[in-house]
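Next, two complexes with chain A in common: one pairs it with chain B, the other with chain C.
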Partner chain A sequence: MTKDECKQVVLDIIAEIAPDEDLSDVKGDVALREQLDLDSMDFLDIVMELRKQHSIEVPEADYVQLASLDSCAEYLTPKFNALV
Partner chain B sequence: MSEHYDVAIIGAGMSGLTAGIRAAHFGKKTIILEQHNAPGGLNSFYAKDGRKYDVGLHAMTNFVSPKERRAVFNKILRQLRINRADLDLIEQKSSRIAFPGTNLRFSNDEALLESEVEAAFPGQIDGFKRLSETIRDYPDSDLELPYRSTREWIKQFISDPFLEEMIFCPLMYYGSAVEDDMDVGQFVIMFRSIFHEGFSRPVEGIRLLIRVVLQRYRELGGIRKMKTGVKRLVAEGGRISRIILENGDEITADSVLSCAGYPETYGLVGDGVAPDESEFAGQLAFSETIAVYEDLPETWGWGDDTIVFFNNADRFEYRNPSDPVDLRSGVICLPSNFEFGDRPLKEGLVRVTCLANHDTWCGYSEEDYRAAKDEWFDRIQKSILPMMPEVTRDYSGGLVATDMFTPRTVKKFTRRARGAIYGSPKKIKDGRTEWDNLFLCGTDQGYLGIVGSMLSGVVVANQYVLKG
Partner chain C sequence: MALSRIVITGVGLTSPNGNTLEEYRRNLLDGKAAISRIDMRYMGQVLAGVCDFEATKYQKRKELRVGTRAGSISIYCAREAIADAGLEVEQLDQKRTGVYVGTTEHGNVETENEVYNISKFDYDTKFWSHHHNPRTVSNNPAGEVSLNLKIHGPAYTIGAACAAGNLGLIQGMQMLQLGEVDFAIAGGVSESTSTFGIFAGFKSQGALADHEDPNKASRPFDLNRNGIVVSEGGALYTLERLEDAQARGAKIYGEIAGYKINSDATDYVLPNPERQAECMRGALAKAGMQPNDIHIVNTHATATPMGDIQECEAVREVFSDCPDTHVNNTKGYIGHAMGAAGALELAGNLPSFEDGLIHPTINVDDLDPKCDLPGLVINEAKQAKRVDAILNNSFGMLGINSALIIKRFSN
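Here is the complex of A and B:
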């Protein structure tokens, strides 16, 4: 999986959690919280959906790694690639 | 062999159902155990003589526009993956706090209440605005603080005791388990959900909300067993090891969530104290009358008020009354006065809630019980007249059906100790119990009402089933 594909996975999850958010212009290097109306409950859901849909575990100490799309890609892409 | 589940939930109340959705959505093998045959708990529905009734719906609180994504109500729906349009919500017209000689109207536009306070209590408006802003900015983390008296706290904002009572009246009636006072956290939650946000209902009533929630749970593979009461929770080594059902079956579960209430749930573990006798049983019980008329109340001049919170005593008392029913204060709901537009209700309803004495109603013989219901039904209908606009015609001939429920009814159908709808005055805000895998959700976790209990189920499931 490439980093761009990984970002798309995260965006797809956000689209499910928050169907009324406009995701067409999310910047990779800006915190998701600053661009979208996401709170801690929503972040928990991103983590839970990663586990449910992709069997990726994100321990609570690593939640900060999911702050922006870029940091998500940095952190999650190796995890995805380790799956296969 | 007993079946094993990841999560077992006691009670198909609103909080049990939403907790079930969260657990099932994330792949937990989940079962909801409900002793009654209908879901919804205090917020259920029934049919009598071919007519459909809602048990506990006057209004859903916390109404906000769908755009306010951070608002509690929208958050809950997001967490449940429920599409808000499916709930077919309509807003209230306006509601009123009616005290002797003074009325304060409010609506889903919070500016209305502010202007009403300004007109009726000009000297208090600055304090009221400060109160309102303090509540808006109140830190969420402080909501979890141990009990503090609002009576003390509110004095820094409101110095007129009459206005203080008027503010308390709706907030107590829609959510206080404490006599004549409220926890500050609970007061803040209720102020926001009623005065800052507002009232709505599904056009069809509570059935629609429950149908949508149940369908969600079912499509996620959640299991639900009705008429399946939990008889006993067996505790071993600081955990609940087995769940014994009233039908004799036994199951086991990693986590057990209960929306049955605090003394009620502890009673299931068998601490030897009957929930009704527990020092933590609620002291506040209510009666509710439902009068069904051929025509809508707007046809006799009652077309403006959605809900009226009234008090006609010198001093507003929110406590267990000595009479069977306390006629001096209460809540009048006219369900047809939501914005139904071109889909009006076919019959007019007048619902009245009053404080009622649990021991008296539970002590009557069957015969006396029926007679007392008839007597108090009539007295309640008469007692509300001074609080309502002058009628433009005699409407009493159009009465087509009536029903009344009392603390005895609530006790019978939901098993709430002492029939106390708002549960124990002691709230367990972190949801934990003495047993590692047993958690409380709903009313006695501190969030009550329809929307509050839905939130509680989500929060408790997140914290102890999903994160844990």
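Here is the complex of A and C:
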């Protein structure tokens, strides 16, 4: 999986949990919470969907890694590739 | 101490056969039921009363995903009631507005969904949703209204089995009379069509209705009735002190004249006609009325073989010599809307103050002689000489009884 593919996985999850948001222009280097109406429960939803849909575990200490699309890709891409 | 007079100034509702009071009333007068066959987890198809209100009218899709059906029904009804009262949400005093929502139960739907969800993951509880607790706390439906409307006053539910709709209204009235709030949003809701447990429980009890024609399944007082059709829905009212309503020139649907809540203390599920009669008499006493002052008695009868007969005994005993008292029932149209039942059924009769029509009890093809009450209106609407007062019965499991009297407003 490439980092761009990983970003798309995250965006697909956000589309499910925040269906009112326009995701057409989400900037990779800006915190997701600064661009979208997401709260802490929504981030828990992202963690849950990664677990359910992709068998990816994100320990609580690593939640900060999900702050932006870029940091998500940095953190999650190796995890996805380790699954294969 | 002279208590303030409390009046109804707005109605918001969703029922299987209508999403506004006008639509609902028209269908009641036209005899149009709206029961459908739905798929129920683990059970196959069951009969149910399902609402089709536009949930996104007042909620974002994310709110719908995070919240509950009961919350969504409550928000829709609350906002519709406020609009019907001729008010904008922004005009409400946030700190002086209270929300009082009667519920039969809450949390079954959400818990069943989560158990089903983790069953797909070998019952590993790490897949259990963090939304479970805010969804299942008892105050959820009222709390969602406070979040949606940004109301800071007291917002909570009143758990009272199927008497809850009346109890929501009574609680709202009392909080206005105590001066705790200046504006109350009160009534009852039900999301029970999404929990298999309610259906399975009634089925095990031998109390779940069945009929090849869904719209004939719920048939209170019919000799061949065979149980309850479970429904969802809601009705919330805006209540105000009379002086406040008059000061702003509000439309007044009616005035809460009296009420009574009591308990059978005899059985978990079987009603007690003696206590039910006491409940109706208590409401009459509080209203300063005699039985013949009541022109409509809306019965609670759910179409169970015994329950209908027992309520009829109680009604017959209280209203034995009342030629101008009419008796009807609403469940033939919409099924049993559980926590919403009392509030929805009252709404169906409120327009009678204006048009003098009594909506009929439908689906009575063969009237049970034990339910042949004087004044019973069946199958066709009836024009009354006048309608000045409605007594609304709502009873529930564990023997909770409620009777609420609304009278035509008059200075």
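Brief remarks follow.
Operating definition for what follows: the second predicted complex is superposed on the first by the 84 of 84 C-alpha atoms of A that agree within 3 Å, B and C clash if a C-alpha of one lies under 4 Å from a C-alpha of the other, contacts with A are read in each partner's own complex, and residues count from 1 in each chain.
Basically, contacts are C-beta pairs under 8 Å (C-beta built on N, C-alpha and C of every residue); 3 or more make two chains touch, one makes a residue touch a chain.
Bear in mind that the values here come from a model prediction, so they are computed numbers and not experimental data.
For the composite obtained by overlaying on chain A, chain B and chain C cannot both be accommodated without a clash. Comparing chain C and chain B on the residues of chain A they touch gives the larger count to B.
Look at A:D70: by the touch rule set out above, it reaches neither chain B nor chain C. Once the two complexes are overlaid on the shared chain, A:D20 sits against chain B and chain C alike.
Look at A:E60: by the touch rule set out above, it reaches chain B but stays clear of chain C. Taking chain A as the common frame, chain B overlaps chain C at a single listed stretch, which among 219-227, 237-245 or 273-281 is 219-227.
In the superposition on chain A, the residues of chain A touched by chain B in one structure and by chain C in the other are 17-20, 37, 41, 44-45, 48, 51-52. Partner chain A is touched in their complex by these residues of chain B: 25-27, 66, 69-70, 75, 78-79, 81, 83, 458, 462, 466-467. Chain contact summary for the complex, chain A toward chain C: residues 17-20, 37, 41, 44-45, 48, 51-52. Of all the residues in chain C, the ones that touch chain A in their complex are 60-62, 65-66, 121, 126-127, 129-131. Only residues 16-21, 37, 39, 41-42, 44-45, 48, 51-52, 60 of chain A touch chain B when the two sit together in their complex.
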